[in-house]
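Chain lettering (A, B, C, D, E and F) follows the sequence in which the chains are written, and residue indices restart at 1 in each chain.
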Amino acid sequence: MIKVVYPGTFDPITKGHEDVVHRAAGLFGEVVVAVAASRVNTLFNLEERVAMAREVFANQPKVRVEGFDGLLMSFVQAQNSRVVLRGLRAVSDFEYEFQLAGMNRNLYPEMETLFLTPAEKYTFISATMVREVARFGGDVSKFVSPNVVEKLQQKFIKKL
Amino acid sequence: MIKVVYPGTFDPITKGHEDVVHRAAGLFGEVVVAVAASRVNTLFNLEERVAMAREVFANQPKVRVEGFDGLLMSFVQAQNSRVVLRGLRAVSDFEYEFQLAGMNRNLYPEMETLFLTPAEKYTFISATMVREVARFGGDVSKFVSPNVVEKLQQKFIKKL
Amino acid sequence: MIKVVYPGTFDPITKGHEDVVHRAAGLFGEVVVAVAASRVNTLFNLEERVAMAREVFANQPKVRVEGFDGLLMSFVQAQNSRVVLRGLRAVSDFEYEFQLAGMNRNLYPEMETLFLTPAEKYTFISATMVREVARFGGDVSKFVSPNVVEKLQQKFIKKL
Amino acid sequence: MIKVVYPGTFDPITKGHEDVVHRAAGLFGEVVVAVAASRVNTLFNLEERVAMAREVFANQPKVRVEGFDGLLMSFVQAQNSRVVLRGLRAVSDFEYEFQLAGMNRNLYPEMETLFLTPAEKYTFISATMVREVARFGGDVSKFVSPNVVEKLQQKFIKKL
Amino acid sequence: MIKVVYPGTFDPITKGHEDVVHRAAGLFGEVVVAVAASRVNTLFNLEERVAMAREVFANQPKVRVEGFDGLLMSFVQAQNSRVVLRGLRAVSDFEYEFQLAGMNRNLYPEMETLFLTPAEKYTFISATMVREVARFGGDVSKFVSPNVVEKLQQKFIKKL
Amino acid sequence: MIKVVYPGTFDPITKGHEDVVHRAAGLFGEVVVAVAASRVNTLFNLEERVAMAREVFANQPKVRVEGFDGLLMSFVQAQNSRVVLRGLRAVSDFEYEFQLAGMNRNLYPEMETLFLTPAEKYTFISATMVREVARFGGDVSKFVSPNVVEKLQQKFIKKL
């Protein structure tokens, strides 16, 4: 049984992320969605980002959501895994991922990074643009799950 | 008659932007240069950026400059347009624009995004580099119009 | 009224091409689909490629299909147009198109090239892969119109 | 147990390919190296390419080498697999693979494509360049296994 | 004194190539333009390509034009050089050059590859497009030197 | 004798940077490592970054390290040089460098920008990722020199 760790900021989790997780859950024994604490400002704090992702995957027995701080690879080892899963949407993703995979491979030769591409209908979704559209009251229900739509609305109403 | 909206931060407007607008004005009935309010720090505030662009296109009857805040697509609709115009210079532009066009198409299926490339002699000009060169007293008169040169000089003299 | 010329090899025309043409027909006065004679081997000859495209757009009064040999820009002028339309799907498309637009702009300064991106569900379709799948009897009905499916079947049955 | 199919032309198999296969064999239950018949001219014919790859992986119990003609996905199904493995080295790889994965996903929704990156010391190796260097008597022993070095020498001596 | 070798097919030599050579001649002690024999079909044969390049640089004492067959690096060594010069215009150039430089560095650790970018007004020129335009009688005098214009005209008149 | 200026933020200097400098020192008469004052937050201040780089190249008679503030090209002129050296690792590097080289060429036509690629084993190293790994106590001794390892440790212990 292969256990994979799918790390990200998930600020918030989008249908593109969900698609990658569902595909991975269909292939592997367990998918750990690893929500990274972030030193740059996020719209949602770590607890909120973990909570939203947990709601999204509540009915997926093979998916577990955890927050983490520190080095990704230490977290992966602590999970008794040696496989990192990453989604690729665009060339710029690819270059960054390639550098990250190279650096991790040097630090932890036993670790592997596997890549999946989301379905083409999700390739244009980015969490940054979701936040931008929601900020101005645009409809983001095609890009994120209903619980995330609600949290975005609360966030931006509170901010007004 | 096709009315196109050309959005951007224009901090400040460069000869590359001007080239795209002139080409568009030669093709379409009206070009609305839409200067976006920005939540990240800009060198010039929205009023200054709108004013500079208006000076640049003062003698172009088919070009109108407006500031806007909020969702681009709401602004486009308020202008009775359904065509967004974007300039493409580099691969990284292309990827970002592709995501943006995809997201807008999902939110507003009746909207279209058209792309133009600036003349090759302008492909290397970026507003970021113009600000950088001007900050240290470099000569930017090849990259921006005379009124923008002047505003950059005032800005950086004031800051000293 | 703006008349645009949409050139390509169309070996065969795909639903990605159709999407670009339909979007363009919604914006512009006339779209001329310009099927290029090719010096490299094509699966379908020029007459077949023109005929397939004409069937696809038979009910589109604003779309006209023509074959051409020689310089694209001479054909565009002969059509009393000065706008070339191109579809962009990927970074490699972008670079090639950028070179082509630059060269054409130098030869014919009055010509403009406009770019559209196809809907994301068509971004992965390439005529090359359609031919490849059809060659081995795969189902290409999601990627090309029914008349093209039929022509592909005839071509590969004949070849067996 | 996950069985993955790693397709390619392997004309000839390089140390970059070997690295991907070894990594995959460390993760998955079985790796089927699928050597594609090719309609374009190859240096080695299908039998030679299969034979070289079999020699390379002779001591790898989890690796099997097979030739195939026709649609990749039919071959994958015939192998009772639903996972295609691909190596990514460069941006141009990425774009092609992205299109291929999109097309396959539409034809066979149950199929998944996973990507691995080779170790950075192999990223610059391409079979095309290996053939080019060998053709002129250059030393390719850093790029391919000894049995492949020998076959390349025989091929080019024969051709002289 | 640094002697650099600038290799290519030069089918034919363009003003973009000339720009790279002139810049290099301004920096280095000697520039050897190395015209490669090619196994794919070229429009001009090796003698013609060497002759055209020699005419172009006839008045440049620091530039020498030589044809070569075989491994580039053997030629570079035979010239008592250890520096290869390459021009970069586009991302796809970059990736190919990166692979080539990596492979050469493994074969010949003492060799270096230096890159220059041509002036932006030449970035869109490719020899392939020059041949294409000339084939149909288009004006290529902005892209190649007068002697090359003439040779292109003779070639295509002869072919008619 | 060619004197080249190799500018960067060097926050901190990595083995990738060192590789570029060593290659350049093997080719050119003098390499000036130009450490840029930065308006964005750096981990190390300008004095620290200059000091670390000086330690790294202490035994390299052809390498000199200097800090600079203001326009790069003014610094290059003040050094009596007219050649800027840049390292290229990835496509995104390439695009940025291309714009920068274009802008500099317009401002200072006599200046040239030369590019080198680091050895492939260093292509994945970025100063950003080095800081990230060190921040969480990861081992960065494969990516930076011993003196830089020590400074990173002091910095992050101080910060705790």
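In this text, a contact is a pair of C-beta atoms (placed from the backbone, for glycine too) under 8 Å apart; a residue touches a chain by one contact, two chains touch by 3 or more.
Owing to the predicted nature of the structure, the values given are computational and were not obtained by experimental measurement.
Shared contact partners of chain D and chain E are C, F.
For the pair chain A and chain D, chains touching both partners: C, F. Looking at which positions face the partner, chain B and chain F present mostly different ones, since fewer than half of the interface numbers are shared. Against reference pair D-E, the listed pairs B-F, D-F or A-D yield one interface repeat, B-F (criterion: more than half of contact pairs the same by residue number).
In terms of C-beta pairs in contact, the better-connected of the chain pairs B-E and A-F is A-F.
Relative to chain E, the chain whose mean Cα position lies farthest away is A. With each centre defined as the average position of its C-alpha atoms, the distance from chain A to chain B rounds to 33 Å. The multi-chain contact residues of chain D, meaning those touching 2 or more other chains, are 91-92, 95, 98, 101-102, 120, 123-124. Chain pairs that touch one another are A-B, A-C, A-D, A-F, B-C, B-E, B-F, C-D, C-E, D-E, D-F, E-F.
Residue ranges on chain A touching chain C, taken from their complex, read 91, 120-121, 123-124. The residues of chain E lying in touch with chain F in their complex are 2, 23, 26-28, 83, 88, 91, 94-95, 98, 101-102, 105, 112-117, 119-120.
By the touch criterion given at the top, residues 90-92, 123-126, 129, 133, 136-139, 142-143 of chain B touch chain F in their complex. On the chain C side of its complex with chain E, the touching residues are 70-71, 73-74, 91-92, 95, 98-103, 106-107.
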